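Following this line, the structures themselves.
Presented sequentially are two complexes of subunit A, the first with subunit B as partner and the second with subunit C.
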Partner chain A sequence: MVKELKIIGKSTPKLDAKERVTGKSVYGHDIELPGMLHGMILRTKYPCAKIISIDVSEAKALDGVMCVITAADVDVNQIGYKRDHPIFKSKTVNCNRDEIAAVAATTKEIAKKALSLIKVEYEVKKGIYNPFDALKEDAPKLNEFSHDKFGNKNIGESFHYEHGNIEDQKKLSKVIITKRYETSRVTHCCMATSNITASYSKLDGQLTIWASTQVPFLYQRDVAHALKMEPSKIRIIQPIIGGGFGSKLDMLPFEPICALLSIKTGKPVQLLYSREEEFIASPTRQPMIIDLTTGANENGKFTFREVKITMDNGAYTSWGATTPFVMMQTYSSLYQVPACSFDAKAIYTNNPFAGSFRGYGNPQATYSIETNIDLLAKELGIGKDEIRLINANYKGEITGQGLNFKTCGAIPALKKVIEESKYSQRIKSQISNSKSQESGRYKKGIGLASMLHVGGGAKIYRSDGCGTRLKIDHYGYLTIITGSNEIGQGSETVLAMIAVEELGIPIEKIKVINTDTDVKPWDVGVHASRTSFVAGNSLLGAIKLIKEKLNKQAAKLLCIENSDFIYQNGSMFHDDKEIKIDKVVREMHFGLPNELCVVEYFYEPPSSFQDKEFKGDVSGNYAFASQAIEVEVDTLTGKVKVLNVFVSQDVGRVLNPLALQGQIEGGVATGIGFALTEEMIYKNGMLLNPNFHGYKLLTSMDMPDVNFYPVETYDDAGPYGSKGVGEAPLIPTAAAIANAVADAIGIEFYSLPLSPEKILKALKEKTINKVLSI
Partner chain B sequence: MLDFDVISPKTSHELFEVISNSQDKNYRFGAGYTDLINDLNNNLQQNLTVINLAKLNDNNFKAININENGVQIGALVTATQLLENNIIQNNYPVLWEATNSVASGQIRASATIGGNVCQASPSGDMSCALVALKAVCEIIDSKGNIREENISDFFRGVKKTSLKKNEILRSIFVPINISKNIKSGYIKVGTRNSMEIAIASIAYHFQKDEQNNVIDAGYAIGAVAPTIVFTKDACDFILGKNINSLNETDVKQFANLIKKYAKPISDIRASAWYREEVLINLSETILK
Partner chain C sequence: MYNMVEINFIINGSKMTKRIKPSTLLVDFIRDDLKLKGTKVGCMEGECGACTIIIDGTAINSCMYLAININGKNVTTIEGLGTVEKPLDLVQEKMIAHGAIQCGFCTSGVVMTTKAFSEKCKNEDKIPTRDEVKKSLEGHLCRCTGYIKIIDAAEAVYKKQ
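Entry: the complex of A and B
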């Protein structure tokens, strides 16, 4: 029996919900400091060119301009995951984002005017915008700082992983299917555009930055490296963040540039992206070309997966190049896979560099695998639901890569969506003759897909931990100072709920402090769906310590032996004895032992590092999910309407149902956009649709019903048995939609997005071929 | 960021005076501002004056007036006002549906019909419906002279109208239906259900006698040519035909006549091929 809890598992609104909806939240854009200047960046006019000259004299002479800087004016280090990225470009420009100069002025208008006065002379070069072109012998070296470690001058990063014996498994295969899949470049579309306010004091050399980062402590180190400063001289404060979704993992050039403008002028400087700039110069999902071969034996058991992934790295290397860490888990361990060979290469081009994005490569990997599974099933004549159940991950499984599934909701999740969506009644390709009977304009179909993702952090950095400090004041209020960050996902609220659960302090009396690197203990950052897991466990550890302290003092005051107390409504109970927490705290301070009621705890997850072959149990636990999605294809326009989404996800245990539903619906929305409508359209390295008119982010009016069925597996590692949930709901969505479209019209597509034009063209070709074959 | 002068006339008299006095200036009219602000953000002209019509208190500009000949819709009538008008909803479903497809609820609350028409976008939704309805533009100059022009003639190209510098669109007249038996509607092809610009659009308004023979036909296509086009030959072809039981050949012929008017371009939103293909596919379904 699982213990019924007081608040955990009950819908609780976000702590700052009222501030958010009444417009009182202070976002980065709302910050205004005395004497603050406005910074702006001049970006390149061409994606690939030699810079002949830069003349900033007229801009400098403009009234109200306080500072103009270019590469010549600064002494900085290169940035990026591979340190192959100069903050300012001085000799060449290599992608459409490239920063050439920056100004700080008293108003935004003057700053904008100043940019227009900077004269840059270019010698335009023919760029390379296709990674395969970049691999050719005669291609120029595209990033002069790359290390040439991988056998080709334009390979920026390379991964190889394998387990099992591919050749043996090939022999056991009845069906082998090879396909090339292509995924497009999409972007996060955060409601708040990128922003930073930097304030440098020439008096003490302290730099304070208000930044929308997801990883403040890594960011502090990155900024320090870029500016050649001591990290501890830099204080990072996070304002309310209007959307992260992975986009704020990399530190980008605009951030040290803003700091440099403040350092040069000695005044606070704010730099805000316009929406157009946000599209052009904020991160994207890594576009990929995936060559996948898979096999299955006559019983439908998977035999092997062999995959080669070509990633468009863009001009510089971002965290996006490391998405293979996550993808190799999916290829090696989503379903039981006896043998796997995985190769991924990030190839320099003159396109913009990507970055990290919710799912971290997993949506792309899952799209290829799950659509491929439908092909295997079709070829074998096995049900598409059946083949997944035959191969599903199970509790106790240790995968070829070493992931240890101590709990596993893969089969329950699959069964749930199959049942709830009435999959077997609806799947046309498995019901004989139904397809030929269906005529008319709209054709319905249903698709199924599953996913595997880390659920208990991911040990990639040297520590995957999180620190917590707790303080109970004289009046019984609890302050949680946590290393973890809130980026809208609701982690503050979950932490407060945990404290309510354990300490019986009402939620109104709980404060969460989490925005200041000078105040809070270390945490690696918000990513990998880790915050509730890692910060929750860290908080539970701290609560244990503070309870020991309170118990001891209360026992003394009540003249009983030190023992456990029940915490409820701000009081501590033992048998028929009661004492208020605030009284215990005051007595602890004003009486002996004259101590404050504060504790500190650091939690490091039990996960382990991968070895050199990328093997190891990298996460505290693992999340599993399945989605069944029903679509309707309009055969006259090619437009796909998503009718119904069924999501079942192993969340370990539901902590806050309201926030969880939000995560699920938000993830599905992003997944639908990735599947059907969103695409950054580039022509020769320049973005043609840097606005919401041309970039088709879906709106609330486009959302289908999302039916969500949590699976609770009560994993020992997570707080109350929970697992990470944040990224999972978007990972299988595109795959399920692609499978549904194939079911609806009998045509498989191997690239995203499934645009109306692509579908209409295919339908037309199919009709023509049919006519020709008669 | 936006730097321009604003003049806000409150009466027609003041408006005409402002227009007269501004003839040597660079000015734009602002009504709902849903397109203007975007325009200015993208391309702010120097020394611009915005003549703000939002404060104008003149029912010729602001009201929906109904008489025995039809409906006179003031240029400053908002999309929301149109949607809330039962006469429009019952008699001109094409206009109601087109209006309802404009952007989003928030934008419809301030966007005006006059703004939609004067913007002269080939993908204008309300404009497309008005072309199908054979609406007439009522144009007034700064001296108070009025001229009327069929809306199809009013549109002269992408973002071009017949308006002279001293003229303003005061209202739009939609003729009364000659029959209660109508088939009327608006089809907009686009990716999103809201905040969308048409990739192709069709406005149709057929009036029929009791036997369902077409006695008046209005059919306009949007986003497939430099202006919204009234497909006259297709309309003439359908006249006198029973629209509820057209044979396959007639449907094809009708669609072919429409195709003649389509001169689509390829852009980031859709290829010319796609625009023409959906235009024909959907034109055929309307009659099926």
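Entry: the complex of A and C
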């Protein structure tokens, strides 16, 4: 039996919603410190060139300029996950983002003027913008700091994984399908552009940084390494963050640069990206070329998956190069897969480097797999819904990679979207009546896709844990000091809800402190949809401890045996006795033997590290989801309209329905953009559309209805049985849309986005082929 | 030196006189001179709507507007919606209740557009259709919510008033 709960499971508005809706929240852009200077960065004019000379003398002489720095002025370490990235470039530039100099001035106008006075002489070189060109024998070494570990000078990172016997499985296969899939480069488009304010005090050598990072403790370490400082001398404060989505995982050069400007001038310095700079110099999703072969036997059971992934690493290595960790889970374990072989390589080019983005490689992987599944079903002549149900993951399954599905909502989620979307009545390619031969301009179709993602954190760093400190004051107010962060996803609110549930303290009397590394305990950061899971479990552990304290004190005051109390409305109850929490705490503080009502707890998820072969149960639990999406293709313009989205997701248990639905809708919207409209267009390493005019985000007019059906599987590992939810909703969206478009017009596409031009071209070719074949 | 000009205007209910450079953008004037930081900047190109404020009843992108043009006009920013007695406007209440806020960076602009549109509808005594509501919000980009909750919140405003 699942326990009835008081507030968990009920829609609760965000704790800070009032601040945000009245414009009172202080984002990084809103910070103003006394004497603050404005920093700006000069970036390269060419994506690939030798730097002959840099002359900053005129910029330095400009009134109001306090400092100009280049590589020659600073003593720093290289940054990035592979430490292959100098923060200032002095000899060569290798991509369009490269930083050459930075200025700090009294106003933004002066800073801008100063940049225009810096003279840089380049010797332009022919760059390499295609990863396959970079692999050629005669290609130059593109990153001089790469480690040359993988048999080719331009391979920055490489992964190999396998399970089962591919050759045996090939023999058992009735159909085998091989396709190459390509995904485009898209970017986060956080509505608040990247920003940082840094303030260094020469008096005590203390550096305070207001930074929009998702991972403050890793960030503190990274800044310290870059600047050759002691990490504990650096205090990271997170202002309100205007969107994260994975973009704030890597520390980028502008961050230590801003700190350096403050160190050099002794004044606070703020550096804000313009939108154009945001497009050019903030992270992107890793573009991939995926060569996938899959097989199935005559009963429709999958036999094997063999995949080779070529990732464009760009000029330097970011966290984006580690997306194969997530992708190999999808290839090895989304549906039952008897054998799998996975290779992924990140290849240096002169394109910008990527980064992490909500889903972490999984949308790309899922897109390729789910499109291939439709092809297998077609070849075998079985239903596209049926083939998925035959192969779906199940409770108790331990996959080839060692993921242990102690709970699993894959089949219920699939069945739900199939049923609600009336998939089998709508899918054209499977209905042979005349309706399927509809003529006319608009053609409808429906597509199906599923996904698997970590739901209980992911052990990739040495600790995937989270610390919590709790304090109840003698007025009965609770302060939760948590290692975790809020980036708009609503985790603060979930924590407060958990405290209300367990301690009966009203939500107005709960404060969450989570923005200051000098105050809060360790946590690895917001990623892998982990926050509610890890921080929630940590909080529950701390609550247990504080209850023990309160119970003991209350029992003493009520002269009863130490025992359990019921917590409600700020009071504790035992049989017919009641005592207020604030009174208990007062007695604790002021009565002998005076003690504090303070506890701390550290939660480390029960997940394990992967072994050298990348096998192991990396997450506390796993999330499953399916989507069925209906589209309409305008055959005259090539435009795809998404009509209806059906989402069913195994969330373990619903904690806050309002916030959950918001995560689902937001994720689906980003997924639709990835499928249809978003693409960063580069020509020889330069971005051609660095603005919202050329880079098309969805608007309110494009958003379809989203029908959401949560599946509750009550997983023992998660708080109240819950699982992580944040990334899942965008993962299968592009795949389902691609399948729907194929169903609508009878043409399969193997690259994203499905732009009107691409669709028109394919329709034209189809007509020509038809004519030719008559 | 710059040629400064004097402008007179009403901002959030108070009369004000200021001397400004004629080239000053309204959004910079609001954020940097008046220190009203609730108005946000997302693009400076008229594409995102984060900087939306209301001038004489009409919602405009303050990044595409020169500050001198508010001379003689009545300007409302997000800070001007609530009052001391009633700190939240109906629009703000509905945004909260419908979960329309995630990171909140687009929220000020969305609220101002919804406020202006709701006043217009009230004057014309009409309740807009869902499609009209969607259309009214077309100029706002939001990366977090997928718009649905924003549209729901706005609809709830029009139905209530």
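For this structure, a couple of remarks:
In the analysis below, the second predicted complex is superposed on the first by the 770 of 774 C-alpha atoms of A that agree within 3 Å, B and C clash if a C-alpha of one lies under 4 Å from a C-alpha of the other, contacts with A are read in each partner's own complex, and residues count from 1 in each chain.
The rule is simple: contacts are C-beta pairs under 8 Å (C-beta built on N, C-alpha and C of every residue); 3 or more make two chains touch, one makes a residue touch a chain.
Being a predicted model, the structure only gives us computed values, none of them experimental.
Comparing subunit B with subunit C, the partner in contact with more residues of subunit A is C.
With both structures placed on the common chain, the touch criterion links A:P756 to subunit B but leaves subunit C unconnected.
Of the two partner chains placed around the shared chain by superposition, subunit B is the only one that A:T677 touches, whereas subunit C remains out of contact.
Shared-chain residue A:R441: touches subunit B; no touch with subunit C.
Residue contacts after overlaying the shared chain place A:A744 against neither subunit B nor subunit C. By the document's definition of touching, neither partner reaches A:L503: not subunit B, not subunit C. By the touch criterion defined above, A:H693 lies against subunit B and subunit C together after alignment on the C-alpha atoms of chain A. Touch criterion not met for A:I51: it reaches neither subunit B nor subunit C. Of the two partner chains, subunit C is the only one touched by A:P13; subunit B is not. In the overlay built on the shared chain, the residue A:K764 is in contact with subunit B alone; subunit C does not reach it. Residues 692-693, 698-699, 701 of subunit A touch subunit B in one complex and subunit C in the other.
The touching residues of subunit A, counted against subunit C in their complex, run 11, 13-14, 16-18, 20-27, 29-30, 32, 188-193, 240-245, 274-275, 487-490, 658-659, 661-662, 665-670, 691-693, 697-701, 703, 705-706. Interface residues of subunit A, counted against subunit B in their complex, comprise 108-109, 112, 441, 636-639, 677, 681, 688-689, 692-694, 696, 698-699, 701-702, 756-757, 760-761, 764.
Remark: subunit C residues 35-45, 47-48, 50, 77-79, 81-82, 87-88, 92, 95-99, 101-108, 111, 134-135, 137-151 touch subunit A in the complex. The part of subunit B that touches subunit A in the complex is made up of residues 1, 3, 104, 189, 191-195, 197, 268-271, 274, 277-278, 281-282, 285.
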